[in-house]
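Before anything else, here's the structure in question.
Per-chain residue numbering starts at 1, and chain names A, B and C are given in the order in which the chains are listed.
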């Protein structure tokens, strides 16, 4: 993530200041694209979901995402499920364009159905779903027609837990903590601090606490989030996605912040 | 396409109607940079190929363990650096071609052939390149250690050593100095060695990465060093090394080892 | 079949003077040569059972399945030419997937039956093709509850409470009629299905057979799956015991 807002949405300019030595205020803007007026945007996310968080813990994977789908800065749909079960062993969580995500859900449903109908004794686990999605996402980016999502894939099969990430560029990785979008800046450090090295000892209660506190911080800081989210756990017992949970938050402290509430002086 | 509709009142496709759509322009950028650094050094009868395991995007570490170095055969190891999605796909396709070669010829492809294959595969995508820098290390058919380095569109050459990736600008000068003895003058009556021994090379590799980890934010977390030994080469230098594992598959004679080390995670 | 050799039986695209299509009737003959398949629509689901005649002792047990899965919630049991029924199962899967794609919901059985029926019927129209040599039982649970359909080579399909196709269908039907199907549970239906298959096999005692059973209902999470090994064993034991009592 580039922390210089002026550069957001622009390609990085490594020819100039490769090591990012400029202070923020003086940071040079990359050259203006002279063809900008002639560019037609044929792809951009429209109705979007924000961060997805996921961690490994003792029994498997815990994943969370709030229920908001935004239309720009408008909180458009406030009861959207962004965690989706795939087969019996996997949950896929999505940020980014929600219509693309619905397309992905449908595609995976067909895949799983086809696999079930073959009755060959094989079932798709999280590893297979990850591989499949990475190929779909990479193929679409290679057609310059991406599915505009960050996907988190969590699962548990044959005694092994699995947690991975795939995005619109086809970039993939596995890790014991994953946070997408805004969460990669705000929540990921919190998750790493709490989880790294403790993957095999964290209990479900502890994991839930970590997830909940991270979701709370995200709600306070991410303007595209709401305090209503779902938590998925994927363990030996299978995948469960909770009902929507509400976070109790307090904004009274805001009164004391200069420039926020009504100030006399 | 309203214009086309008005010329076709019956809504039937005109027999000569062009099926091409107009030019498509999109502002989506299909590339990113995922940081990290790779390097390879060739010895007389060995080759060392190494890379860190951090994968990042911008200032975010995506994962602390995403391998960038891959064993292709018992005599070839490939390191890929740049755009990770392209890198992984490229390695997958190279491996597929090597498997087909095995099925057709009942042997592993020789190193110099793999090098040419990689150039062909990269150049095939000249106008939508794989955004990756490749370094191929291994043992030639004559038993010598070799390193081939590539640019994203397939230009390549055989070298004694090469660093690529985020910290190339930090590591390559160090290797130039320590391996090619650039800016070093030998003591009167002596000369620089042409080939460095394996223990020295391993030390240089580890120092390169600890150094790059200190000075470059995109380098760190873990280090994977592959060592490929020629037929009959001594394993003495590898004995007692911490975190070493053999990954040889065939008994053609060449042997592959991997050494895994931690790097600083900050 | 009095009209054999009159020349009207060479093509599915030609009627006989009395309005029959002999190729379709011959297809039904192909079905009659096959081991029996039955389906029971009961209170909480559907049970399918097949008397799979094993033509060689060298065959691995469990191969050449005659019950296929069409969709998560739809099973297909057939009597007749196995290769034809496999093709039909594949076609049914395609139809089910297509329904899912267009309607964004799990297909209803009657829709799949209708589509597959149309497909079968198309093979009764042309001289260049032969009708399918299979009668097919489609069973499953959709939003309207348990459903059971039989598709015949002619392309006709009907909904049933209990269905039987293949060699022993007459006896099987009389047995099914004695049951209070709507009051049975799936577990009870499994026992009855096994008993009926064992009973109708009496006529071809010299041939070996395997009992193949699947079910769909609340107990299986509305998924079409094979009846579990232990339950199948129990049903077979009970069926054999019932046979002995019968004799």
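Just so it is clear, a contact is a pair of C-beta atoms (placed from the backbone, for glycine too) under 8 Å apart; a residue touches a chain by one contact, two chains touch by 3 or more.
Since the model is a prediction, treat every value here as computed from it, not as a measurement.
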Per-chain Cα centre nearest the global Cα centre, belonging to chain: A
Pair sharing more residue contacts (C-beta pairs) when A-C is set against A-B: A-B
Most widely separated chain from subunit B, with each centre as the mean of CA atoms: C
Rounded Å distance, subunit B centre to subunit C centre (Cα mean): 58
Distance from subunit C to subunit A - Cα centre to Cα centre, in angstrom: 47
Euclidean distance of C-alpha centroids - subunit A vs subunit B, Å: 30
Per-residue multi-chain contacts in subunit B, two or more chains: none
Subunit B-touching residues of subunit A, taken from the complex the two chains share: 1-3, 11-12, 14, 18, 38-44, 134, 138, 141-142, 144-146, 165, 169-175, 184-185, 188
Contact footprint of subunit A on subunit B as seen in their complex: 24-34, 55, 57-60, 62-66, 83-85, 88-89, 128, 169
Touching residues (chain side subunit C, partner subunit A) in the complex: 65, 68-72, 93, 96-97, 100-101, 104, 223, 226
Subunit A residues touching subunit C - in the complex, by the definition given at the top: 106, 109-110, 113-114, 116-119
